[in-house]
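The first chain written gets the first letter, and so on, giving A, B, C, D and E; residue counts start at 1 in each chain.
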C-alpha cells in the first residue's frame, strides 16, 4: 500500500558534510499490516517516517501510495495526507495548548473542508476510546492525562479516515502503565478499520507487542527485516542480536560501545563494521566487511538481513 | 545500623492552589553496599524523595519525618554541616545529564569542584583526580578540557557518574540516570554503574520508572504510587501488589507468547496528588479492587519472602 | 457556542487572577486606564483652545495656585489643562507608533520565522540591519527629512522600533514552529496560511500584547526626545511642553512646575505601561521574560 | 597675588565654525576676528560712522570709482610691518580665489582692481559704492597667509595667530573654547586685560547657570526668557539696550522673477494692498513685544532699520501710522469686498477663494512658533485663517526666497551701521531668475519708486542727505507693505560686575556689547582686580577631594555590607 | 557479559577548531553587506530631501547664479542621480564623507575631532551601566522577590521611564546650578575647564566634567542591563546544574558567582552590544545638554542647521560603527560561549 523505493534523504548544512539520514531504504506497508521500524537513536527512523508523509523531500528514490508515486505539489500532498496520517511521540507537544480537544480534532476536517464536522469529531473521539466524546470537546490538553492526550492525537488523525497511520514513537513519552492501552487501541483500530500502521520505535518490546513485521534500521539503512517472531526470536544480523541482548531478560549481553556513528560520515563497506562484535572478535570475514558494500535489502515480506556473514 | 534510614518521611509542596503531598509517610532503609531501586510512574514522588535526602528541595517544600544518614538526622543539620555532608557522604546523579552539568565550565573543573569545595585536594591534585575519574568511567583524559555540549548523552551521564564518585561517598543517589538515553547507551551506563558499585562497595539508591532497568541493577526494589510505597522486596521475586504487577506487565518479554499481539496496561488516569481518592489510592484503577478498597487504606504488610505490600489481597492471602 | 464563551470567560478570569497577583502590574494598569480615560474624555470638558496663546490671559509662568493648580506657562496658559489636552497627542503617538511597529514587527517576524530558506534569510537580514541602526538617531534623521508632523513622528518611531518586536516574534515563531503540533498540522494537510494564522499567531499574540505595551512606553519617551531635539509634532504634547519649558527658560527662572509636571507625567505613564507590560509578560509567558 | 592674569570669559551659544576669516560666517567667529584683525576702517564708537583703523586716511576720486587708502605704520604681532601689500593681497585673494569668497565674497564684488605701493592702497571700483568705507573684510598678514595652499581648507589653527588687532588667538578647542591673549604691541595700546576666552555652551540654560555661577563673565545675544532669568542676581548686570535687528513679516504680494514672470503660489488676495493693510492693522505689536519678547523689544512703527541707527531710522506718524485696530481692519476688508462666509472665513470678492493663508516659519524656533500662535489668533478675528508651516532653514530659504511657495513668512535682518545691504534686499534685481536662481530678495519686491531712491542714495556721499533718501525708502516699504515690521528686538546681554569693572558698548550710547561692529567693547574692557582664581581653584579641589572621599566611603560600606552578608550567608541557603 | 572492544574512543577524537574563522568571516561578510545597505539607504534617504542643499548653503547670503552653479558643481549636484550615486559610493568607500556646508570642512575631519570625547563619555557610561546593571541584576535575579530585588528593579524601572534629556536638565539644574542647600559643585558645560591644569590635575578636571553626563546616561541605560541580567539569572536559578552545585555542597554565593552568573552573562553580553545604538542615541541629548564636544552634539547641530552632508556623514559613521560593534560582539560571544564556539 505505502511503499518506499531506494529512498534516501540528505540534510545539507552549510560548511559541513551532508548528513545522509536515510540512505537507501526499501520498505512497504501492506493493507491492514502493522510494521515496526526499530533502531537506535539517530539512525534515521523519524526522518524516514517524515519522508513517507511528504514532510521531507527525498534526495533520491520514491515514496508511492497505492502504486502511484507521491507528487510534491501542494494540492496532491494535501490529498495524500487524507490517506496517510501521522501520530507523534509527544502528545502534549502535538496538541496546541490553546486549542480545545474539539478544535484539535476538527483541524483536519476543517483543512479538508469535510461536511458534518461535529459528527466526524465525535465519531473519531469515540473510536479513539474517549467516550462519551462530548465530555471532552471543550477540554484543553493540559486538563487531560498523557494517555488521553495521545488518544486525542490519534482521534485527530482518525477524523480524516486515513488508510495508513504512521506513528513515531507513539508511547515513548507515556507512563509504562498507560502505554499498553494505547498499543491496544492501535491493534483494535487495525482490526476494526483495517488501518495499516508503521510504528517507529526503539523499543523491541513494543514491536513484539503489536507488530506483524519488524524492520531494523542502522545508520540510514534497513539491515534486517521480516516477520516479528522470526526476527526477534532468531535475529540474523549482529546488530539485531546486540539490540536484543541488552534487554534485561536476555542471558548474555553484548554491549556495543560508542554511539551510532554520525550520518555525515558513513563508514565504507558494511556500515556496521566499526561496532560489529563479530568483526571485533576477529572473525576472518572482517576484511570483507570493511571493504565490500552490501546491497540494499528489497522490500519483501520474508525474513532477510544485510550482512556478509550470511 | 543502616547507612540510610527514612522514617515516615513526608514532603508537601505548598503552591498557590493548595498543598501537594508529593511524598507521604515513606519509611525505608538502605544497608551499606546495597543497591535499592525505587520505581513508580511519573509524578509518584520519586524525584522528590531523592532530593529530600540531601535537602535539595525548593523552598516551598515542607519536609517531615526523619532522614538518618550515617546515624545523623539530615533534617536537623545546620547548613554548614549539611554542606559538608553533601557530596562527601552522599552524591547524586540527576535525571537530565544534559542539564546537570554547567554548560560553560570545562568538565574537568566540574569534576574537581567538589574536591576543592570539601578541601579534599588542592587545585593540581584535584584536576589529576578528575582525569583519573574520567578514565575510570571510560573517557579519555583530554575530555577533561571539553565542555558538556561536546559530549554525547551517554558520555555526559558518565561524567555525572565520575563526578558523583569524586569524593568517594558512601551513597550514590541516581535519579533516572538512563531515562533519556538510547537502548544501547543505557546498557553501557548501567553496566558501568553496576561494576563501579560492585568494585567500590558503595550503596546505591536508584530511581526509575522502568522496572526492567531496576530489576537488573538493584538488589531490592521499592514501588511507589501517589507518593507512597506500595511494595518493597527483593528484585528477583514476583510482585504482589496489583500496581506492581501492572507495571511489570507493561514491559513485555520479547519471545513471550503471552504478550504477543496482546499489550497490557493499566486503565484510568494517574491520580492527581491534590485530590487523592479515598481509601486505597489505587482502587479506581485497580483491576482486582474490592468494594472495601474505596474506604479502607492498607499499610505496608509483610507479603512473604522479605517482601511487604500495601494491598488488601495480600493481607487476605497472608492471613 | 455559549460554552466556548463561558470557557473564554473562565480563561480570562484565570488570566486576571494571575495578573492580579502582580501588584505593580495592577497599579500600572490602573494608572494607564485612568490616563487613557482622561485623554478620551478631555474633549467633553476642554478643547484645543486651552493651548491657544491669545486666550491665555493669566500671569505668565505663575506658580501653582488655586486658579491654576499646576501653574501657568510662558503665555499664561494653564499647565494643568495643557497637560490634559497634551496627553491626547502623547498617548495617540505612543499607541499608533507602537501599533505600527507591532504590525510591521509581527508580519516580518512571523515571515522570518516561518519561511525557511531565502525569504526568511532576507527578512532576517533586514531585521538585523534595522536592529543595529541606532533607533533614536534614525528616527531623528527620518523626522528631520520628512518634516515634523504627527504622522511623520509616528512613522519615524514606528519604522525604527519594530525590529526588536520582529526579533521577539521570530524567536517565538521559531519556538512555536518547533512544536510537534505544527508538524501534526502539516501532516493534516495545513498550508502556510493555516499554520501561521491558526497556530503561530494565536501563540505569539499574548507576547505581542505585552511587547506592544512596552513599545508604547518607549514610543512616548521617544516622542518627547524628538520634540526636545526640535522635531516635534506640531501639537501640544508632553514632549513639546517640555521643549517649551526649556525654550522659555523655565529651568533658569525657577518655574519648576513647568519642567517637573510634564516630565513626571511622562515618567508616570511610561512607568505604568512598563509595569503593566512586564506583568503581562510574566503572566502570559513566564519563560520569556526579557528586558524592556 | 597681584600678578594674576586678568581673564575675562565670554559665553557663546554658538560654536566657532572656523578661525579662518575667509570662511567663517557665524557671528561668534566674525566677532573674534574683529578682536584679532585690523580692518580698513572701524565704526566710530560714538557715531558709528567709519573712522580710521588700519587705514589712517583715505581719498576718493570725483567719480567715486577710485579709492586710495593710506595704511598705518604698525606692526603685525610677529613684528613684521603692516603694509598696503597685506591689504591688497587680502582683497585680491578674495577676488581671484573662490574659496576665499565664502565669508565676505559680496564685499569685493564691485572691486575692479586692487593695487598697493608702500603704505598706499588703491581700490578701483566697477561702480560707485557709498558703503565702501564699511568694508567688512579683515586685513590678513600676507607673509603668513600666502603660504596657505588651499584657503578653502585652511583652519587657521597655527597658534599664536599673527594679528594686527587688540587680541591674538593662542588656543582653540573645537566646540569648546577659544583663548585670546592681549596683543602687547597693539598700535592703539595693549588692552587692559590679559586674556579673553570665548566659551561655547550648547545649552542656553546651562550658559545662564554658568554666568550665575561665575563660570563665565559675560554673555550676549540672550533670548528674552534667559535674560529674565538673570533678574535678581546682585552680581549680574542685565544689559538691555536697543538692538540692531528688525523682525518683520514678508508677504507674498505677487512674487515675480527678475524678468517679471509670476512665480510661486502666493494667495491672490495678498496682491491687494488693502488686504496687506488690513493685516497690518490686525497685529498688536505691543502685545507681541510683551508676550513673545517678554517686553524686551520695541514695537515697530517703522520699517526694516532699527532705531539704534538714529541717522537712518524712520518712524511713521500721524495718519500714516498703523496701529492695532481689529475693527478698522475688518472694515477695510469689508469695504474691499471680502465677505465673510458662514464659517466666518472671508472669501475673495469674486468668491473664488477663501482667505486662508499659510504662515511659513523655521522649525525649532520657539519665538516664531509663539508669534505664529498670536497672529493666528488675531487673523481669526479678521475672518482669515492662518495655518503655520514649519520649514527647515534650507527649505525656508528656498520657498520664501526663490520659489515663492508661501503666503506670509517670518523674516528678519540684522542691520549693519551702513544699511545699504538690507535696503538692497528689496530690489528688483534681487529677485530670482526665471531658472530659479536666487538673488537674495527678502520680499520679491520690485517697485520703480524704491529702485529710483536706491540708486539716488548710492551716489549721495553726503551723509544727512543720504539718510533722508533712505528714510523715504523705509516709508515706501511701510505704506506699500510688502513687508510688515513687527518689532525691533532688544540687545539682551548680561555680565558679572564682580568680574568686569567696565565695558563700553558700541555705540557708546545704549549700544551693544557682544556681536556689535568693531572691537571697542572688548578692547576697552576692564577687569575687576581681585584674585578670584585661587580660591575657586581651592574650592574645586575641595570638591574633588570630597567626591573621592564619598566614593571611597561608599565602596567601603558596600564592601563591608557584602562581607557581613557573606558571614550570615554561611549559615543559610 | 561481553563488552565489544572496538575502540569506541577512537571515534571519539579530539575536535579541530576551525569553525571560528569561518564564522567570523561569515559575520564580517554580513556586516559588510549591512554597511553596503546603509550606504545605499543613506544616499537615497538624503536625496529624497525636499529642498536644494546649495540654497541651504547660500542661506541669506547674496550669491549669484554663477556662484550657486559653481557650488553645485563642486558638490557634484549637477550630475544625474546614477552618477551621483557612483560618486557617493566611491567617495564613501574611500572614507570621504563629503564637506560640511556649515563648517566648509571635510566631515571626516569634524568627526575625527569629536569622536574621542564621545568615546570617552559613552565608553565610560557604558562600562558603568553594564557593571552596575549586571551586578544588581545578578543579585536581584538570584533572590527574586527579595527586598534587594524589589528595590533595585523598582529604581531601575523608574529611571528607565525617564526621558534622558529631562533627567540631564534636572541634574544640571540641581548639581551644576545648585538648588537650596545643594551647592552647584559640578561644571555646567564641556569636557574640561578652559584653564585646566596639566597632568593628573587634567584627568581630575575631565573626571569632574564627566560626572553629570555620565550619571545621566548610566541612569537611563543601566535598567535594561539589570533587567536582562535579572531574567537570565532567574532562568538559571531553576536549572539542574544549579541543583547539582548545591548538592556538591557549594555555598549559595559560590553557586551564584561560579555557576549562575557566568551562564547568565552570555545573553546579557549580546544585549550590551546590541543596545550600543541606544546608548549612542542617548549621547545626542546628553551631549547637547552638557555642551559635550562630541559626535552627538555635532549630529544635533547638523540637524538644527540643517547641514545635510554633516548629518549624512555622522549618521553613516554612527551606524557603521554600531554595525561593526555588533559584529565584534557576535564574534566575541562566539569566542566566549563554549556552546556556540564549536557548534
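Definition applied: a residue touches a chain if its C-beta (ideal position, glycine included) is under 8 Å from a C-beta of that chain, and two chains touch if they have at least 3 such contacts.
Just so it is clear, the structure is predicted and the values come from calculations on it, not from any experiment.
Asker: How short can a chain-to-chain path be from chain D to chain E, counted in steps between touching chains?
Answerer: 1
Asker: Which of the chain pairs holds the record for C-beta pairs in contact?
Answerer: Top of the contact-pair ranking: D-E.
Asker: Could you name the chain whose Cα mean is nearest to the mean of all protein Cα atoms here?
Answerer: Going by the distance between chain centres and the overall C-alpha centre, it is E.
Asker: Measuring centre to centre with CA averages, how many angstrom lie between chain A and chain C?
Answerer: Roughly 49 Å separates the two chain centres.
Asker: Centroid from C-alpha atoms only, then distance chain A to chain E, rounded to Å. What do you get?
Answerer: 52
Asker: Distance from the CA centroid of chain B to that of chain D, rounded to the nearest Å?
Answerer: So the centroids are 87 Å from each other.
Asker: Using CA atom averages as chain centres, what separation in Å is found between chain C and chain D?
Answerer: That pair's centroid distance is 43 Å.
Asker: On chain C, where are the residues touching two or more other chains?
Answerer: As it turns out, chain C has residues touching two or more other chains at 144, 230-231, 246, 251-252.
Asker: Two-or-more-chain contact residues of chain B, please, as numbers and ranges.
Answerer: As it turns out, chain B has residues touching two or more other chains at 191.
Asker: Indicate the residues of chain E shared as contacts by at least two other chains.
Answerer: 1, 3, 9, 12, 169, 172-173, 177, 246, 251, 288, 300, 304, 306
Asker: With touch defined as at the start, can you tell me which chain D residues reach chain C in the complex?
Answerer: Contacts found on chain D: 204-205, 208-209, 223, 225-226, 228-229, 231, 291, 294, 363-364, 366, 370, 373-374, 376-378, 388, 390-392.
Asker: Please name which positions on chain B make contact with chain A in the complex.
Answerer: Per the stated touch rule, the residues are 41-42, 152, 154, 182-188, 191, 209-213, 215-216, 243, 246-247, 249-256, 259-267, 269-270.
Asker: Sort out for me which residues of chain B touch chain E in the complex.
Answerer: 51, 54, 56, 83-88, 91-92, 94-96, 99-105, 113-114, 117-118, 138-140, 142-143, 147, 149-150, 155, 163, 191
Asker: Where on chain C is chain E touching in the complex?
Answerer: My answer: residues 125, 128-129, 131-138, 140-142, 144-145, 217, 221, 224-225, 228-231, 239, 242, 246, 251-252, 259, 263, 266-268, 270-271, 274-275, 278, 287, 289-292.
Asker: Which bits of chain D are touching chain E when the two form their complex?
Answerer: Going through chain D, the ones touching chain E are 7, 9, 15, 17-18, 23, 25, 98, 101-102, 105-106, 152-153, 155, 173-177, 179, 197, 199-203, 205-207, 209-210, 212-213, 215, 364, 392-395, 397-398, 401-402, 421, 424, 430, 433, 435, 437-440, 540, 543-544, 546-547, 566, 569-570, 572-573.
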